[in-house]
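We call the chains A, B and C, going by the order they appear; numbering starts again at 1 in every chain.
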Amino acid sequence: MSKIQREPTKLVPIPSVNRIPERDIDKSPILECQHLGIDFGGLSAVKEFNIAIGRTEIAGLIGPNGAGKTTVFNLLTKVYQPTRGTILLDGVDTHSMDTAAVNRAGIARTFQNIRLFNNLTVEDNVKLGLHNSIKYGMWQGILRLPGYWKEEKIAHERAMELLSIFDMEPLAGHEAGSLPYGAQRKLEIVRALASNPSLLLLDEPAAGMNPSETAELMENIVKIRDTFGIAILLIEHDMNLVMGICEGIAVLNFGQIIAKGTPEEIQANPAVIEAYLGKRKEEAK
Amino acid sequence: MKSIKLKQHTKVDFATYAGVIVAFIIVTLMRSNGLLGRSTIGLLVPICCYVTMAVSLNLTVGILGELSLGHAGFMGIGAFTGVIVSQAMLINGTESVSLRLLAAMFIGAIFAAVFGFLIGIPVLRLRGDYLAIVTLAFGEIIKELITCLLVGVDKKGLHIIFNYNGLKTVSDLHLAEGGQVIIKGAQGATGTNTIASFTAGVILILVALVIVLNLIHSRTGRAIMAIRDNRIAAESVGIPITKYKMIAFVTSAALAGAAGALYGLNYSNLVASKFDFNTSILCLVFVVLGGLGNMWGSIIAAVVLYVLPEELRALGDYRMLIYAVVLIIVMLTTNSPQFKSLAGRLSIRQSKKGVTER
Amino acid sequence: MVFLSYLISGICLGSVYAIIALGYTMVYGIAKMLNFAHGDVIMVGGYISFCGFAYMGLNGWVALLLAMAVCTILGILIEGLAYKPLRQATSLAVLITAIGVSYLLQNSALLIWGATPKNYTPLIPLVGPDGAPNALRLFDGQLSISYMSIVTMAACVIIMALLTWFTSSTKLGKAMRACSENKAAAQLMGINVNRTISMTFAIGSALAAIAGVLLCSFNPTLMPTTGSMPGIRAFTAAVFGGIGSIPGAFLGGLLIGIIEAMAKAYISTQLANSVVFSVLIIVLLFRPAGLLGKYVPEKV
């Protein structure tokens, strides 16, 4: 089978396309960012952000603190409107979409500082992820018509199924805000998955986890990708995790991508080493 | 797990309905045996109205999580709409009390909902205290607009004048023979045929409860509470924020309108200034003291806090002072950390800790 | 010329609102609470000064000082007894407590001074001893500005200037700004947060006393509910200008006063409030944090 079957279509040529895994290469990427950028009061927080992510790729976005990684997530999910550039989600420009519409179009995310619906139960949190796949209206709910019972039953079963990814079914009835930290992080992932995304953004999923929890999380991320057949883009500081499961990595520094490639390439890249460790000269001083 | 959980909140819901019905039966029995004084009987309908107000405001404040300081405005719209509907029907030959009450409450609710929608468009774009002040502003505007209304009815239909400069009088309504003036500007509604009844009030409460409680435990209510808990996360799972905020706000306004219609039909004279900032605040106090998002709490708070000042009438000028002191003390004891740590040994905080430590 | 005199009466009314709004805004800035009892502190200020000159025979200005002193203490007391225990509580709980305090003040006033309105003597008599209006005449007497109005406007400008200097240049003022930005950080920097908040209430209440005296000088019927409506208007003014911002409160107060006067003169007396509130709503639609307020987007 020949390589690069992607139609060169109308897409603006990208300086260096992120390396897409072999198995995805004959499909168009799920996400393509072209010249993406945002300014905050004259300061470019992110500029010339070009990236492409394969349909079933696990990609990593790394970089020092304040490099603009979370800003990229906020741009992708339209929490911020980009100042420049295009975001193509499965070939569709998300220009006119708001955060909710982007989610319905296929991007789900988690947050660096956990954002759960703290006063609702774990199950309800997941059901909120399922919100757009539950089909009954307000009056059916108020009048408890058959549609309500049917759809709620399906939603319950689906929620339990999703919670089982992290063996969290026993916690279903607990208030989300009362869960321990690690469980809250997992619940956020489950909730995001519930919204049936084709691209899952994970913002520091391993933050605050110990090595064994991180190892378990790594397995689960791969498992999620395999079961759901979706792409995952994650921000993470834990290099074991990033180098362990990411197939493609982009390194961000001062809002710009300074390197892209496989984990091996990134580890050997002098620019990356410099960004993380500083210049040799300064060290010598 | 689900069946247990479902049972839990369904149990609470049904206990709430049952509580209202039992209270209704007890009060009716006491009344038929002459155990209630005249003044207490006079309180029954307003209590029902304020309970409904508290339940509906709890939807905005407790469930949606937005502070509204103008809820009495919707009540006012409902009240005057209700009075007009009922009087117009009477003039045009509808004698049936229940039919007129039903129509008054229904149309009152619809009018309040329409205003709720129109007000919601600007209001729901704002956040926090800014939203609160704008609801306050709308409440005051509604009150003033009603004060400018001259409304009369005759066989030909309704005659309405918006008397913004105070130059028009009721004679400008040009009512035909047998017509009746319903609203006389600042004097408000006069000569209303008082048809409100306790039974209607209890039915209204039950309907409001069914709507609100079932809404909360449905897909729609979940989305509303999600917005309250974390707006950005709600958006991130694809929930259209404005739509659900609007649903909650309009539903809340409609219920307040229905409560207002019943209230309006309980008095032969009613002025618009009744539905001012203080009434909004009164309802807010019910909601906060009853517990945010807690419907039966709202009901109890509304009943107790409405009856308390009336029963303290014997104390004369001291009663509102006592009311104020009680209010402050209750707020301090239920919210200050010292008291909470004491109460926490018994309640929720402990169980939360238990989970965290696991 | 008629327009000008309406404008001046608007500015004058606006100056009073601005002084009240300054108190509101300072308290909001630091305590992040809507202090609904603020309007009633105005009323207390009015009554105390009334007692000062009517019962104790004090000079109007001394009575003003007395009112300021009493209100300052009252402000500190209210804060310490009712709001301080609720520092960690939800804003709604604090709001309801403030409403409780408001009822408490109104009903205490009702018990002490009765429901019959007191006839308040203006700080500067509107009519001079010779029977002529005590006013500055301009344009051959076509426009007359009472000395009371001039004092009011001057007071407002002076207070605004003093507050600006105070918050930007003094140690306590800087502490206030620090606390309003971030209480925990301010505490770590060695600022006594509780004392700072208490001082803010003291200043706000002293301003309310001044506003009370000025307000009653223009509108001489003093009742237990005198403070509520001006309180709400001033609150509107503070939000209008951007709550938490001192120049915003000043600007908001003036604008609300002018709009109210103009609405009464040219649109409808009955709808004056509606006009004021409509303008507020329209402004907030375009500037969701008020005229001079900073809109801080939520951090994700």
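Methods note: contacts are C-beta pairs under 8 Å (C-beta built on N, C-alpha and C of every residue); 3 or more make two chains touch, one makes a residue touch a chain.
Quick caveat: nothing in here was measured; it's all calculated off a predicted structure.
Asker: Using CA atoms only, can you tell me which chain is the most central one in this structure?
Answerer: Minimum centroid-to-centroid distance belongs to B.
Asker: Suppose chain centres are the mean of their C-alpha atoms. Which chain sits farthest from chain A?
Answerer: Between chain A and the rest, the longest centre separation is with C.
Asker: Let me have the rounded angstrom distance from the C-alpha centre of chain A over to the C-alpha centre of chain B, please.
Answerer: The separation of the two C-alpha centroids amounts to 44 Å.
Asker: Taking each chain's centre as the mean of its CA atoms, how far is chain B from chain C in angstrom?
Answerer: For chain B versus chain C, the centre distance works out to 31 Å.
Asker: Using the average of all C-alpha atoms in each chain as its centre, how far is it in Å between chain A and chain C?
Answerer: About 50 Å separates the centre of chain A from that of chain C.
Asker: Which chain A residues sit where two or more other chains touch them?
Answerer: As it turns out, chain A has residues touching two or more other chains at 79, 111.
Asker: Which positions in chain B are in touch with at least two other chains?
Answerer: 232, in rising order.
Asker: Mind pulling the chain C residues that touch 2 or more other chains?
Answerer: 300
Asker: Taking the complex as given, what residues does chain C use to touch chain B?
Answerer: Residues in contact with chain B: 28, 34, 82, 85-86, 88-90, 92-93, 95-97, 99-101, 103-104, 106-108, 110-111, 232, 235-236, 239, 243, 267-271, 273-274, 277-278, 280-281, 284-285, 288-290, 298, 300.
Asker: If we count contacts the way the header does, which residues on chain B are in touch with chain A in the complex?
Answerer: Touch residues, chain B against chain A: 1-2, 4-5, 210-211, 214-215, 217-223, 225-226, 228-230, 232-241, 247, 293, 351-352, 355-356, 358.
Asker: Can you list the residues on chain B that touch chain C in the complex?
Answerer: 61, 67, 122, 125-127, 129-130, 132-134, 136-138, 140-141, 144-145, 147-148, 164-166, 186, 231-232, 277, 281, 284-285, 288-289, 292, 317-318, 320-321, 323-325, 327-328, 331-332, 334-338
Asker: Hey, which residues of chain A end up touching chain B in the complex?
Answerer: 77, 79, 98-101, 103-104, 108-109, 111, 115-121, 123-124, 127-129, 131-132, 134, 136-138, 140-144, 148, 151-152, 155-156, 160, 169-170, 172-175, 177-180, 191-192, 194-195
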